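Just below sit the structures, each encoded as structure tokens.
In the two assemblies presented below, chain A is common to both, partnered first by chain B and then by chain C.
So, the complex of A and B:
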């Protein structure tokens, strides 16, 4: 029995991964996006070994002088902060936080959104009504204020930040995947599967899910990008986790220190990283949009 | 049509009620007990009890909830923990400032996005088309605080072209909104935040307008207009753009919802005295009555604007009424 379930879930999964890789790499923009993403991923994984210094260590230069607000040099490739912290080390370790928050909240939110969308779309009727009204209510919540209030009530920790983002960000994917599920449900092969006596579970996850997969991955990419932007914004507003470094947090420190007038290097590095990472996700999602479904723009 | 509006109106009220209820639960039941801010555990037990009674916190939760709902409707939103001002007074002053900045940002996004989108579709694959797409995507990928910081660092700090923040010079608070609009200092200060918000959302209407223009340009009636020998500028703006605009209107409701979020960041960055800045400040200082009131007002703004764009859309495209039942639920 378990092997049967394994077969029905993992075989198509492998096929899907190969297919999706094909979709992304068939598009030049997709290849560029994927390579940037892989680069950031490698930096994030090996961050502690790549960072030359402790991110919260006050640095002294070769002449034993306190290295405060140094512009980029051989010694400090991306310069230092007013407290003498090495920005290059901070940037590398921050990659880890940013990618962690982005991928975890992206994955959980697409899992919730996809399941709610599939179930609402497939069953219709009362269940659909209930789930979609709930989604509507979430749409009435102002996005960033909702997250800020939750973080300030829960406490400023990484897991609560992820929780707050997940709690609201799934709403878009649920709506879109529900719409797609409804249109797939009416196709003949679903009626055929029902006639063969397939269970609802099997129809939803074995027959409908593979057909919404490109859409699902597209929204997974969107959710990751939105989570990253959201995390950066909340950190910049001072609602980040004080124990870890993130790119948004680095910019918050800059704004707080009041050194924006002089320290352009402090601004440049994290900003460029945020933009590059988000653009790489946008490029990947555009590769999907061109192949998967031209009518996706209606969110 | 009236039937449709009525039903949307009822949905809107239900959503508002639900949001208010969730807000009540959030502030009363979450681990960081909101009352700890005012009623310190270090106080005398009897004093604590008296204060709880004064705030109505000794009553059962359900009764508190009904009192909360009644107070919402009668506009008694409590007083700030920090300044002891009426929350309604603080929020209503901030409301107009937020709306002012939001409208000017959205106007910029829509006019620039639609105009540039038409031209880009017209000059397809030209350097302008490619450049416009790239610029739009970069500004979309950059969170507004990065764009805003860049503008501040270059145009304000380095070149001194614009003031660094606020809505009017310190000490020169105008007595009315007209007084404000007549101040040159106000217009100097609204440029950078408007540009920041405007550029952030630009890519969406820009690309949608461009794509739907290209779609419309492939249709028969455009061929016919060409065959009649009409000038291509006339075809572009009079014939094609009208139909392509519908796609952008669909987006307006999404944009409006997002714009409220972008507002929070931009207001904090440029010290714009709006609801977004108030939200951040009150949440940071645990001034819960103000945070709650501001959140509710922002929610009313989001829900109300969604309602308006819904109605507007069904008015512009009668076909949508039928299918919107399926899509927008």
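So, the complex of A and C:
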């Protein structure tokens, strides 16, 4: 009995993983993206063990001198801040926050966006009108004032930053998935499924969803990338969670210290990490885009 | 042909609301389908055949307005049945469909067998293994290798997909199977094989079939009774033999002329000049009167009523009493050319 449950649960899961892995690795760019992403993931998971120092500890060098604003050296691989914090340790621990925010808000936003897109596209009419006008209202919402209001209401907590990012980001995926749903629901096999007596729920989630899946995964990757960028900019503007450390937050500290012109190493490391992570996600989404749009494939 | 009635439709009308005005797609259509028979509906493209069966299966868009005096399927009144009950109790289990362009009617991301299993499991409490077994049996009935069940639709040829759709329509032993152009778009050999298969299936199971096609040859070969549809109306309804031996409606006569006979070699085919009406706006009179060489004055402003000529022979024409004379005139090319 238990093996049966295991089989019914893990076999499809295994199949999905193998299939998705196949899609990404069939594309060289996808392989590069996946390896960067895995690298960041490993760093994030093992961050506390990988970081050589406490990120909030003032460092002293071998000569017992206060290590303020040191450029990269053997002792401090990525240099230090003006308060003597080790940037390498900060960067490693920040990977965790950034990936957490990215994946959580990416996942929630695609969940909301996909459902709203599928329902609006499938039912059409008044439901479509209602949901899409709501989406339009969110399109008109300027991001920064929105997040400032949200944070001044609830405080600078990670949950509210994620909430703010999600509320802004899902709109594009909803629109795109709605458009694709409208195109797919007019195909013959949906009419055939209806004739077979399938319920609306079944048609939406069993017949239309798998057909929009490549597009959905593409937008999931986009959403994660956008969440990371958005988190970085909110942190940079000082709306980040003060208790955690993120790449954007590191840049904000640099900005506050006023040492931007001096400490090139301080902005180089987090910036490069943001760029690499976003690029890796874009490369992965490109691998999916080739599935969704075969014309991009090389012959 | 037994007298057990499977489907009875009385005075069915379908209107579409469009920006150019209402489209009268199906007008005052009444017919019965008896047990074990093939009821053919013939007509050119756009005459309302597909709308008619979609109205029966409730697959029309919301812009369509369906009215009927009676729709009964094996004694059950379908008209007043709520949507949900109709979907769960009638659709597919009592009335199934082999859709037009069955080639595109399979979801490309699912294995063919799973889609048939879905149809089975949506209407019964069969386990996966039971549904799978049933599907294998269905594949066997339509002449497909049961081990093809786990293939995807794109791995099937057109004819195979068509057979898979026929297998799906048989899944729940429905009393009535509607086949909408089941052989259109297939080459002649595959078409012949599918038709032969349908004929064999008919002998094995006890379902009635409504066969819809614009191909007169197919309908003549397959049907027990035939209705000829034009401009949303059933112009003539008769047993297959009667319809070809004693056609009575000018449109049927015209169709017969346009269809090659293998017995009379070298005979020139005569087509009906003009094209079918658009069905937009209020339709007045007989829809065929403009193309009809025998039209009389009131044809253009009065819709003819159905006249019963024999037990199963009905015609919708004012001049049904002059048929023998019309039949002779209709076989001459000049009669039709005089219209141009």
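The rule is simple: the second predicted complex is superposed on the first by the 274 of 299 C-alpha atoms of A that agree within 3 Å, B and C clash if a C-alpha of one lies under 4 Å from a C-alpha of the other, contacts with A are read in each partner's own complex, and residues count from 1 in each chain.
Going forward, a residue touches a chain if its C-beta (ideal position, glycine included) is under 8 Å from a C-beta of that chain, and two chains touch if they have at least 3 such contacts.
Fair warning: this is a prediction, and the values are worked out from it, not measured in the lab.
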In the overlaid three-chain picture, which partner chain does A:229 touch, first (chain B) or second (chain C), both, or neither?
first
Which partner does A:35 reach: the first (chain B), the second (chain C), both, or neither?
neither
State whether A:137 touches chain B only (first), chain C only (second), both chains, or neither.
first
State whether A:261 touches chain B only (first), chain C only (second), both chains, or neither.
first
Looking at A:73 after the superposition, I want to know if it touches chain B, chain C, both of them or none. Which is it: first, second, both, neither?
neither
Per the overlay, which chain contacts more chain A residues, chain B or chain C?
B
With both complexes superposed on chain A, which partner does A:152 reach: first (chain B), second (chain C), both or neither?
first
With both complexes overlaid on chain A, does A:179 touch chain B (first), chain C (second), both or neither?
first
Name, in rising order, each residue of chain C that touches chain A in their complex.
57, 59, 62, 87-88, 91-93, 96-97, 99, 101-102, 104-110, 118-119, 122-123, 165, 168
Footprint of chain A on chain B - complex, ascending:
11, 14-16, 18-19, 22, 26-27, 30-32, 34, 137-138, 140-146, 149-150, 152-153, 157, 208, 211, 247, 250-251, 254, 257-258, 260-261, 264-265, 268-269, 276, 279-280, 283-284, 286, 291, 294-295, 298-299, 301-303, 306, 326-327, 329
So, in the complex, the side of chain A touching chain B is made of residues 132-133, 136-137, 139-146, 148-150, 152-155, 179, 182, 225, 229, 232-233, 236-239, 248, 251, 255, 260-261, 264, 267, 271, 274-275, 278-279, 282, 297-299
Using the touch definition from the top, list the residues of chain A that touch chain C in their complex.
125, 187-189, 191-199, 202, 206-207, 210-211, 213
